[in-house]
Amino acid sequence: MTRALRLHPDRLFPSDSTQRDIARALYAEVGGLPIVSPHGHTDPRWFAEDSRWQNATELLLAPDHYVFRMLYSQGVALDDLAIPSRAGTPATDPRAAWRVFADHYHLFRGTPSRLWLDHVFAEVFGFDVALEAGTADLYYDRINEQLATPAFRARALFDRFGIEFLATTEGADDPLESHRRIRESGWGGRVVTTYRPDGVIDVEHEQFQPAMARFAELTGEDVWSWQGYLAAHRKRRADFRAAGATATDHGHPSARTANLSAAEAEALFGRIANGGWDAADAELFRAQMLTEMAKMSVEDGMVMQLHPGSFRNHNRQLFASHGRDKGADIPMRADFVSALQPLLDVVGNDPRFTLILFTLDETTYARELAPLAGHYPCLRLGPAWWFHDSPEGMMRYREMTTETAGFYNTVGFNDDTRAFLSIPARHDVARRIDCHYLARLVAEHRLEDWEAAELARDLTVGLVRKAYKL
Amino acid sequence: MTRALRLHPDRLFPSDSTQRDIARALYAEVGGLPIVSPHGHTDPRWFAEDSRWQNATELLLAPDHYVFRMLYSQGVALDDLAIPSRAGTPATDPRAAWRVFADHYHLFRGTPSRLWLDHVFAEVFGFDVALEAGTADLYYDRINEQLATPAFRARALFDRFGIEFLATTEGADDPLESHRRIRESGWGGRVVTTYRPDGVIDVEHEQFQPAMARFAELTGEDVWSWQGYLAAHRKRRADFRAAGATATDHGHPSARTANLSAAEAEALFGRIANGGWDAADAELFRAQMLTEMAKMSVEDGMVMQLHPGSFRNHNRQLFASHGRDKGADIPMRADFVSALQPLLDVVGNDPRFTLILFTLDETTYARELAPLAGHYPCLRLGPAWWFHDSPEGMMRYREMTTETAGFYNTVGFNDDTRAFLSIPARHDVARRIDCHYLARLVAEHRLEDWEAAELARDLTVGLVRKAYKL
Amino acid sequence: MTRALRLHPDRLFPSDSTQRDIARALYAEVGGLPIVSPHGHTDPRWFAEDSRWQNATELLLAPDHYVFRMLYSQGVALDDLAIPSRAGTPATDPRAAWRVFADHYHLFRGTPSRLWLDHVFAEVFGFDVALEAGTADLYYDRINEQLATPAFRARALFDRFGIEFLATTEGADDPLESHRRIRESGWGGRVVTTYRPDGVIDVEHEQFQPAMARFAELTGEDVWSWQGYLAAHRKRRADFRAAGATATDHGHPSARTANLSAAEAEALFGRIANGGWDAADAELFRAQMLTEMAKMSVEDGMVMQLHPGSFRNHNRQLFASHGRDKGADIPMRADFVSALQPLLDVVGNDPRFTLILFTLDETTYARELAPLAGHYPCLRLGPAWWFHDSPEGMMRYREMTTETAGFYNTVGFNDDTRAFLSIPARHDVARRIDCHYLARLVAEHRLEDWEAAELARDLTVGLVRKAYKL
C-alpha cells in the first residue's frame, strides 16, 4: 500500500484553535514573501554555469550530511549511499543508494530533514505519495526526468524559489571566479559572496600552507610578515566587497578573542609564520584575528559573523577514510562572556560595527547571548543554528532570547545550507515557527495582533535586510 | 492613529480553554492578596521622607537599567536618555529623553519590561492609549501632573499597592538612618532592611577601603583584625535585626564557599587587611565569609540569601564613563555542587539555618539546585531571578525545579527591584504565571483542583512568610 | 473530610482536545503491552525466595530515597521515618513512621513520586481515598493485610504487573546465587542480571579491597596482575551471560574514557594494585576500564551502559551517620564530547558494539548526546534518567533529542528502580508522555497518525528489545 504525501497547510502551527487561527493569519502575510538568504553554502558555480544535476542521489543524498549521518548512525555503510571517500566516489549504483535511503526513510521521523525533504518532494518535484521502499524507483525516475528539463536548472529554480538575495561563502584564497561570471552573465539573480578567512587564520587546519600560498598570490602581499598579512586581508576584503559581499564569517572552535598589543601580535604572528607555534598560540592567533577582523569591519563596514563551538571531525577513523563534513562535527560547551570581552573592549560601543553571534550551545541563549546582545550596540543574535535549526530548536531560541534581547536584536533567518533545493523548505519552517511563537504571545495577551503582524514581516525580511546592510 | 492600551484580564494565562478556566479560577483567589516583598532595592529614603517624584523620565526611565540597556543596545546614546554618567546628569531635557523612549517603545515587544510598563501606565496612571511617538507628550504631561498630587507620594502608593511587607537592602556600612526615621514616623508601612555586607567582604570592590572605614566607625571594632572584623559583623547584624531585618543577602561572583581552619582564616584575613592579597585570596575570602555568615545565621536566626553569578560591569568603556548598574552585568556559568559543599559541611543539616539560593544560570535548576534543595534541610530555592524574572523564565523555573524539589522548597516571589512603581506589576506577572503552571498540572490531571488552590495561595503569601520568618 | 483518590484516564495527556484525542488513541494501543525492564535495581532474592513484605513502611518508605530525601529536606528526621543508619534500624514504630509520611504527603505535589505512589495505592492496593493524616492508619492497615496474602508475594506481583523481562544489577563480586535459584526454581518469570563491575574498578570506593578479594575468589585469577585482572573480568562476564545477562552497566563520576597503550595501562594498574595511586590515577583507571569493557563487549556481544555524572554522598555528615543511597547524590555538569573520544577511537565504528548513554545533565541532550548518537553507529541514548525520569523531564528529553538523533537512536524506557511496586507506574508514566509527545507532533502535522502508532509501539517494546538484544 502506498502512503499519501501531503504538506498540511497548518503544519507547525499550534493545534490550539485560538493560537492556530492567529498563526494562520500571520503566515498568510509572510508565507509568500521573497527569500533573503544572507548566509549559506551553495556552490556559486551552479549559478555561474546554470548547472543541472544528474540524479536524485547526487542532488539530495550525497551532499547532505544531515541525511547520511543519520543513516550511518543506524549502521548503513557510507559506500552503500554512494558517499565519496578520500579514495573517490564508490562504484555504488546511485539508484541502489537511493533505494537504501528510501528503505530507511522512517529514521527521519520527527527530524527537520524529514520536513525539508518532504517539502522538496511535494513542492519542487510534485510527488503525492510518500517515499518508502515501494516508491523508491518511482521517486528516482521522476526526479531524474525532471532534473533533465530546463525548469530544473540552477537559475530557473532560483527564480522559481523567489530568492531575492543569496550569499555564498568563499575562503580568503578563492579567486571569486564564479561570482565574476555570474555578474558578467547578465542574469538578474543576486548571488554574492561572504569573506570567510578561516583557512588562512587557523594554522591547525591541514590546508593552511597552500591556502596561504594562494592568499599571497592573489594579493601580491608578503603574507608571512604581520603587516603584509594584514594588508592582504584588507585587499581581499575589498575584492569580496567588489563581488557584492556585505559580510564576513568566522567558524572558530571557540568564541575566544584577544586584544594584544601591536608588538605582542607581531611576535605571535612570527611564531605562526615560522612554525614555532603550539596549540595555545594557534588558539590565541585565532582569538587575535577576530579582533583584527572586527577592526577592519569598523573601517570597511562589513558585517561580521561568528560561528563558534563545533568540534570538527570527531570521528577520527571516518576522517581518515572520508575526510571533512561527514556528519561527525559535534557541538561543544561554549562561553561568550569572558571570550568576547577583549574584542568588545576595542569595538563594542562603536556604532559602525555589527557582530552577529551564533551558537551550538543553547545554554548560552538566555544566560549569555541575550544579555550581551541586549546591551552592546554592536551585537546581534543570529538565528538558531545547525542542529537547532528545527521546529523545537527555533522555538527554544525564541523562548530563551526574546525576553532579554527582544526581537530587534535578532537578524531573521539563515538557511546555512549547501542543499539548494531545501532553501524554500527551510525558510518556510522558520516562518511557520515564528508565526507559531507570535501566535502564542498574542493568544496569551502578551502582544497585540497588529504588533505580531509587524513582527512577522520584520522577522521574515525586515531585520535581515537591515542587519546585513542589503 | 492612536492605539489602545489594554491589560487583558486573561493575560499570561494559557489560551487552551480548559487550562484558561482553571487559571482564571486560581487567579481569582490570589490576584488580590497583599504584596509580600522580602527582597528588593527600593530606596528607604522615599518612605522616610514620603518622597514625590519630579517627572516621568526621572521616575521610570533613568533608574531602570532593564529599559535603558535595551535602548542602548539599539544605538540610542545614554545621554539622550538623560542617564547620569560619572560626569553628572546630562543636560538633556527630560521631556526629550521621554520622547526618545516613546519612539523606541516597540523594542520592548515580547519583553517583561513591556508587561511591567504597560501595567504601570494603565493601572497606576490610568492610561488607555498605548505609548508611542504620537502619545509621548500626553504621557509625559499626565504622568507629571499626577506625580505632583498627594496620591502619588511614596507612602500613598505603598498603601495603594497593598504592600504588606517591603525589604530594602543596605550595606554593612550603612547607618540605617532612613529606617530609623520610618520607624519613628508613626507611619504604619512595614519597610525593613536586609544585611548586605558585600562591600566589606569583597576586597576587589573599588569602595572596599571607605566601606571598611565606615564599618569600623559604626561598630567601634578593630575591623582590621580578624576577631574585630567578625565582631563588627555581629554588631551590625544585631543593628539590622533591630531595624526589622530578618535576612542577609550576598551577591558574589560565584557560589564558592570555604571551610578554613581558624588559623587559615586568620592568616587569609591578614593578607586581605595588609594589602598582600591576590585574586585567589579575594575569592577565597569571599568563600570563607559565606561560611562565617552562615555560622552567624545559625546563632542569630537571620535567613541567608545568595545571589551569585553575575559578571559585573562587563562593558569597560561604559564603566569608565558611566559607572555601575548600567545594564552591562552579564550572567556567567555557575556551579553549586562543589561550591557549596564546604559551607554545607558545617551547617547543612542544622535545623536553625536557612539558605535561599538564586541563580542566573538556568542549567543549574534541574541539575544542581533542585536536587540540593530536595535534600538539604537548610536549602530553599529563590524564585527566577533578574533576566529570568519573566513569563518564559518563570515557567522554565517551575518546570525545571518542581519535580525534584517540590513546591515547598521554594519561597514565593521576589521582585528584586528598585523600580518602585513596577512592584505590583511584577507580583501580578508572577501570580499569573504560577496560576498558568498550576492550571496545566490540573488540566493534565497531575494535581487536584483543591491542591492547586492551596498551592496558589502558598506560592503567593504562605511560603514567603515562612521562609523569611515574617 | 476524606479526599478521593482517582487516577484520571487522561492523566499526563495534553488538555488541548485535538492532541488529547490523538494521545488517547495512541495510548489505547500501548498502555496494555508487557513491561520490558532492561535496567533496574530490584533485589533478585525477592524472586528467588518469592518474598513477602512485612508492612507499608518497610515496603514503600524505607527503601525509596526519592521519598525520604524530600521529607528530610523539609526537616523530618530520618529516624522518625524508620530509615536505617549505620547504627542499624531505629526503634521507630513503623506505623508512626507511616503517619509522619502521610502527614507530609502534600510535599510531593507536582513530583513524580506522587504519581508513582498514587498509582501504587490505587492500582496495586485498591485505595479510593487519598493518603493524608486522616487516612494514614487506614492505609497502613489495609496495605499490611494485603501484603500478608499470596497475591502480594513477589512472583505473583511480577506476573500481575505483566513483566516480560526484568534485569537486576549485580557487582563483579556477586556469586549470582539468587539468579541461579530463580532459574532452577522452574518459575517462568524472566529475571536476569547485569554486569556492574564498578566495585572492582573504582579504587576510591571504600569497599574496593573486599570486592577485589571476592573477585579473585570467584574467578581463581590473580586479580592483582593486569592480565589476571582482565581475565577475571572476562570470566565474570561469561558467568553473567550464563545467568541471562545481555548488558553491562557502569556508574562512573564522569564519562571520561582513555585509550592507553598496553604498557601504560599495565603501569597504571600497577599503581592501582600497589596502592601508589592518586586521584588522577583513579580517574584515569576508570577511564581506561571503560575502553577495556568496550573491547570485551565487542568480543562477547554484551551491550554497554554508561551512567555518569552523579556526585555521590554529597552530604558528608549524613554519609558518616547513614551511609550511601540516602538521597544525597547530586548531578554534576557533564562532558561527553571530549570524554568519549578515546573509546570511540577504538570501537566507535564497530558494528558489533552498542553503548547506551545516560546523563544527569540535560544540557548535553541537544548539544552533545543527540549529535553523537545521530552519527556514531555504536551509540544509543538511554531514556531520561533519575531526577529527569518525570513528566517534564521525559518531555524535555524527547524535545531535545528527537530532532537530531531521531527516535530510532533511543532505546525505550528504563525504570531504574529498586521500588518494585512502582514499576508499572513508572512504565505507565513513560508511555503516557511518549503518547503526549507523539500526539503533539501529529496535531502539528509533523508526523502522520499511522507513523505515530508505529512509533508508540516501538518506544514501548520494539526499541528496548532490539537495543538490549532480548
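Each chain carries a letter (A, B and C) given by its place in the written order, and its residues are counted from 1.
Convention: a residue touches a chain if its C-beta (ideal position, glycine included) is under 8 Å from a C-beta of that chain, and two chains touch if they have at least 3 such contacts.
None of these values were measured; they are calculated from a predicted model.
Novice: Answer with same or different: of all residue numbers used at the interface between subunit A and subunit B, are over half used by both copies?
Specialist: Homomeric contact, different residues on each side for the most part.
Novice: So if I superpose subunit A on subunit C by CA, what angle comes out, to the nearest 5°?
Specialist: 120
Novice: Hey, how far is the Cα centre of subunit A from the one of subunit B, in Å?
Specialist: Taking the mean C-alpha position of each chain, the two centres sit 40 Å apart.
Novice: Can you list the subunit B residues in contact with two or more other chains?
Specialist: Within subunit B, residues 16, 363 contact more than one other chain.
Novice: Would you mind writing out the residues of subunit B in touch with subunit A in their complex?
Specialist: Residues in contact with subunit A: 3, 8, 10-17, 69-70, 72-75, 106-112, 115, 311, 314-318, 327-333, 360-363, 387-388, 390-393.
Novice: Considering only the defined contacts, which subunit A positions touch subunit B in the complex?
Specialist: Against subunit B, the touching part of subunit A is residues 16, 18-19, 335, 337-338, 341, 344-345, 348-349, 351, 363, 366-368, 370-377, 379, 399-400, 402-409, 440-441, 443-448, 450-451, 454-455.
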